[in-house]
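Here come two complexes built around chain A, the first alongside chain B, the second alongside chain C.
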Partner chain A sequence: MKARLLAPVAGLLTATMVLAGCGAGGDRESDSGGEGGGASDVGVTEDTVTVGGHFPLTGVAAPGYSEIPTGAQAYFDYVNAAGGINGRQIEYIVKDDGYNPTNTSQVTNELVLQDEIFAMVGGLGTPTHSAVVDFLNSEGVPDLFVSSGSLQWGDDVESKPYTFGWQPDYEIEGKIIGQYIAENMPKAKVGLFLQDDDFGEDGEKGVRQYLDKQIVGVERYTSGNTDVGPQVAGLQAKGADLVIAFNTPSYTALTQLTSLALGYEPTWFYSNVGSDPQLVGSLLNRFSEGAVEGDNSSLNDVLTTEYIPGVDATDDPWVQLWQEVWDQEGEGGELTNYRIYGMSQAYAFVQALAAAGEDLTRDGLVEAVESFEDVTGPQLAPFRYSADSHMGISGMRVVELQGGKAEELTPVLVSDIGDAPIEEDSSDQASDAPPEGGIPDGS
Partner chain B sequence: MNRFLDVWRHSVLGRHLLTALIGLAVVVVVLESVGDFRALQLAAMAYLGIAAGGLTVLTGINGQISLGHGALMAFGAYTTALLLDDPTSSMPISLVVLASTAVALLVGTAVGVAAARLHGPYLAGATLALAIAVPGIALYFGSFLGGEQGLRVSLPDVPVWALDLEYLLTGTEMSRSQYVAYLGWITLIVTFVLLANLARGRVGRRWRAVRDDEVSAELAGIQLGRARISAFMVSAAAAGAAGSVLAITARLAAPSGFTIVLSLTLLTAVVLGGLGYLSGALIGAGLLTFLPPFVTRIGGDAGLSDIRAAELAPLVYGLVMVLVILLAPAGLVGTTRMSLAGRRARRQMAAAGAAGATTGSPGTTAPHDSSDEHDPGTPQASGSTTPKGSTR
Partner chain C sequence: MQQLVNTALGGLTLGAVYAAFALALVLIFRSTRIVNFAQAPMAMVTTFIALTLIDAGYSYWIGFAAALLSGLVLGAVIERVIIRPVEDKPEINAVILTLGLFITLHALAAVIFGNRFRSFPAPFGLRGLEVGGTTIRLTTSGIFTIAAVATVMVLLLLLFRYTDVGLRMRASAYNPEVARLLGVRVGRMLTLGWALAAVVGSLSGLLIASGGLVHPGYMDSIVVYGFVAAVLGGLESPVGAVVGGLTLGLSLSFVSGYLGSELVALAALLILMLVLTLKPGGLFAVASARRV
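Moving on, here comes the complex of A and B:
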């Protein structure tokens, strides 16, 4: 009995002593230092480069968003099949965070510390990604093309030198929407329906620059609360005949159903995030348990914006490329707007890899993205990247949905945060076409 | 060396402290041999373990159920985030954890006063409401508590004495992840020693008495309300400490981290490990921390797409839960201990029977009594005969 008890205690104590022995004196300060500089090419080998991203693959935010990494994966496979970039195959690791920031923090630890990714590509969500943005920057991990339009990814380069936004931020989206309405519907009584976080706040800031006087009511909802009856009724009571909504796709479906139930028929103007006709159609069907037959035409007459060509633009050379990529490398199922979103981001990343050259380092990649001037790409307006700004795509156009197709109402309009004016895009970015073979080269 | 054994045999406190010391040695050995990522995973296990430990005392020993412990963790986490909002803050991290514990203790007292009047499903309902309502507070006071995006926690630099100690012991630099993991596990060990002592002493006996039979307990002079409230306070304090460690580990306190799912996860950890056993809470926490990523990785390696692999984790998690409840209804630790105790009892019976048949002397069973006391580990070793006390 004695031996049985004592053995483990003795063993452990010995083990601790042995470990202690390894240390043995010396001055801590003098031994350290000198490292850190050479760690910049983690995740890169002669013939591979490993990148990762966090996405909601399960849970409430999964419908739609979980398709984004499948699109990116397909494009990376397409590039790998053609020999990769600078002889390196792209390995893409996707982790599920269920749209819970605590999980995001855990899976990002896993990506950075265990899988040793070279860069984060397309990490999704404002609350989720803001949980890890400081960590990524303190570890010096390039954090490219965050899948969110919050301003914080790009407006403070000094404190977040490794983070880059991608899609147009919600503020310029708000400005462009605001100006369109002020010019084309000056009599409209405008109601705002906003998600109660950065998304809604940034959007409202933009809209108010142009529409402050026309706004008759503002309602906010908390993501996760599925009853939007009070908000929609509130807008109805204020007599709003045009509702600008900054919300996620589920809430597009919920507001449509609720206003149907209340007999409220304003003109709806959904921000780009919440306006995917395919997804909203299927959600309408599901939420109403079949009572509303959701399909592509459910969002007819709805106004929205677009900044990359979607599945409906079958004539667009980019969409034709995405279709080819998806047919070749996709994992089954249809090409959707979310997959195109993933592919477009992946395209920009491949472009950055190619531009960063043979000697791939993390800082080299960041520099390459900062000098992304006039690159071709599916985005309708150019990126705003520079050493002073990491904001993404600079503009979008206003469209009206008809039968799942986007009909252009304005040319591509570009702007920037703050009181930068809105101008028609002069770069002709919208009419460029992908290079032969569909893979960007270094220049 | 015999002194050790004497202490082990005769002093409850000594036994707990020795176990803690061994635990600390294990923690040091393990944390020194794993990488940064594992260290952070272990820190996650620590915060789940601390909260589950508190919950197992409340539910297993005092018989109150709480579906709102995730919300109590939120109070701890937000306190930590508010105190650590500035990287240059000079507040020692141990004080931050203590302050978080104190805030959760205060909230726990308020909830405990209400909870003491409620039973069974009503108590479950009330604490469920807590779990649902608390994340809403962070949204309502969005400008102060950061709303949906929560508050970021900026961990101060690893203190110099910790760096020096680490260097003296192992000759390596202590990374931030290691520091966080040490913080988590030391908090866990301290919490568990305190919980074990409470549960084993007079307070714990009162809690158990209240759990087992209210009328008898009251007849014996125990104030039911006071016993219930004190159990809830202790449990809430543990949740607060856990929340603090969570905020430091995740570098964030955000409402979506403290939904009902977290509360249910804690309950799952307690049920998986075995109600009323601190070691069970720890094992449950370990399973919940390591199983999902492990399963996802296996799924990914087996060629499943990312989405399918991610969906595998909840499936396996559910299956394990069903299997444990079917095959080991008292939890992993509980069932093991019961079967061990059963085997020992049978052996004693057989020995007694054999002895009785050959010599007829009843005295031969005496040595077995002392061997019983060697049973190491949890406070319920010889105290509780009904590990499924939560049925009340």
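Moving on, here comes the complex of A and C:
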């Protein structure tokens, strides 16, 4: 009887201690250290480490996005099959939040308090993740590689010491797009088509740094309202002959359909998020005249950006690795750009685990990511992580889509938020290859 | 000018779809005295049936006919199996049941047809027509939508005003007891009302899907706007539903184009509140005799 009582009491005590530890408001220096070696933190045992993530597996945001965790899972399985990291198998728990912030809070509570995850990996979405970011930080749960390009994951390390962005933020994407157009199409009359939230706002801020004067019209759409006719007609009326669009993939299809009905033919420049040729092509091919099924030609001549090699780059050694991983561990279906996204994130997490060493602690993991300076991976440009910034990948290149393939228009350009200049990337990460065996080592 | 015309034309096409949906609501209200919230997911299910057939290689029109036919069957079955048991209870019971049905059909569709966006083919071209050198936002598919809605409206008018069946349906809805005494087979009329309404609902589902993207939730916003359109028209009159639908489509398109798309839902609510406050019986209500 006594022994049976002990476990819950111990659990309660631990919980109290954790809560007490958090009272310091995320002051992580003060409560680091002091713990013994070996299995040493929540979610870590001698031979496992448990991590979790929240994704829209159902609902309107599910198309495409629901494939991200399947890619990550495949890569973790691949690593586990080779013996794991520091002798630990990675256990990955994925929960469905349906892209609804209320659900995100609930599933994150479950992950942290019930499943006792060591870290959150790749939690998806700006509105969804905003709902849990404070909770994760107050609980001291490392919140690595949020699947969203909002600035808030990395620009304020003091208030969110445990959160790290991953993909290039929308502001530097806007800056790089803006500079490209200002330099190469100085006569273009630019229209902006923006999602009415952080995504569109951050992008607009970046774009305006370089071509404020060329902008003739701005239209915003509300996600969920599928009639974008009035917005596209507005851009047409302003005479915009080049439209920069920060929108999600289904809205790429909708704007293309609407401009067909309006006889409006500007040059379209979709931000990376909205331009997946596979997904958008599958939606549009039915409507494009003379298109051949499966050749993804419906987005031909569209400009966009790229920060990890995509599924069309079959010669890229990283894509070859992802193909091997997917063939070996995938749950069936094709390798897609969303799965590659998940794998690339998982790769970075495995790098972090390896770098954090055998005595795995939450704070140790955070410190490892902060010293990621020379770490290379599938991303075309280096990470920006440091003790002062938790912003992710530092740059991207401008590409044009032809037949579903990305043709490079610029070298990889890197920048940072604010008025940091845009420079050509000198790290040469874009032409590196994965290590032998496809699993990073700890160095 | 061009923007004005295009915004108006886009609003009219969209308004026609709201009108089709409002017609289905009017039909069911007139023949059974309840508001059917499950109308939208029912239409979504039949549209997915059409899409499945089209994807299997059949022509658009076979899919179209199959959707209307399955609408007819679905409507009748739902009335017989789910609504009939609560027929004698207060009307609110049936309304709440339709809400339950809304959720159930949604979930079932997600399981059977999947949750991703899929494109739905259009019967005619999606390019805007050219008038005097400029393209206007009126596609052949758009014209088909408007013509289809006008036809349905006329058919419904004829049904309720000039046919025996229409009269019996109205009688069963207004006063089942008396109708029964007069020899009307009330149960049969209720089933017929549900079946016909589901056909019209399916039509609106097909019309809004054509040349666009569908997923299990694609009809959800139409529920709200179709309902507002029906209330604008007074929930009783087919002409009112169509005028209501077109008015709403136009107003919302202008709000979206000139004020901002985030205000669309708000504007619809405002219109609904204004109409319910100023003319509770709808724009086309005949002054009702005073109840004593």
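Just so it is clear, the second predicted complex is superposed on the first by the 392 of 443 C-alpha atoms of A that agree within 3 Å, B and C clash if a C-alpha of one lies under 4 Å from a C-alpha of the other, contacts with A are read in each partner's own complex, and residues count from 1 in each chain.
Please note the rule applied: a contact is a pair of C-beta atoms (placed from the backbone, for glycine too) under 8 Å apart; a residue touches a chain by one contact, two chains touch by 3 or more.
Everything numeric here is computed off the predicted structure, so don't read it as measured data.
Of the two partner chains placed around the shared chain by superposition, neither chain B nor chain C is touched by A:I308. Once chain A of one complex is fitted onto chain A of the other, the partner contacts of A:F135 are limited to chain B, with no touch recorded for chain C. Contact with chain B, but none with chain C, is seen for A:N100 once the two complexes are overlaid on the shared chain.
Judged by the touch definition given at the top, the superposed model places A:N109 against chain B, while chain C stays out of reach.
In the overlay built on the shared chain, the residue A:G263 is in contact with chain C alone; chain B does not reach it.
Which of chain B and chain C touches more residues of chain A is settled by the count: it is B.
Residue contacts after overlaying the shared chain place A:D196 against chain B and chain C alike. Once chain A of one complex is fitted onto chain A of the other, the partner contacts of A:T126 are limited to chain B, with no touch recorded for chain C.
Of the two partner chains placed by the overlay, only chain B lies in contact with A:T70; chain C stays clear of it. By the document's definition of touching, of the two partners only chain C reaches A:Q236; chain B does not. Contacts of chain A with chain B, set against its contacts with chain C after fitting on chain A, overlap at residues 58, 66, 196, 222, 224.
Contact residues on chain A toward chain C in their complex (touch as defined above): 58-60, 62-63, 66, 196, 220-222, 224-231, 233-234, 236-237, 250, 253-254, 257, 260-264, 282-287. Partner chain A is touched in their complex by these residues of chain B: 1, 4-5, 8, 18, 22, 25-26, 28-29, 32, 35-38, 40-41, 44, 136, 139, 142, 147-150, 152, 154, 163-164, 167-173, 177, 246, 249-252, 254, 256-257, 259, 261, 293, 296, 305-307, 310-311, 313-314, 371, 374, 376.
Of all the residues in chain C, the ones that touch chain A in their complex are 2-3, 6-7, 10, 14, 110, 115-119, 121-122, 126-128, 130, 134-135, 137, 139, 142, 211-213, 215, 217-218, 221, 253-254, 256-258, 260-262, 264-265. On chain A, the positions that touch chain B within their shared complex are 1-2, 5-6, 8-9, 12-13, 15-16, 19-20, 22-26, 28, 32, 57-58, 66, 69-70, 73, 94, 96, 99-102, 105-106, 109-110, 113-114, 126-127, 130-132, 134-135, 196-198, 222-224, 331.
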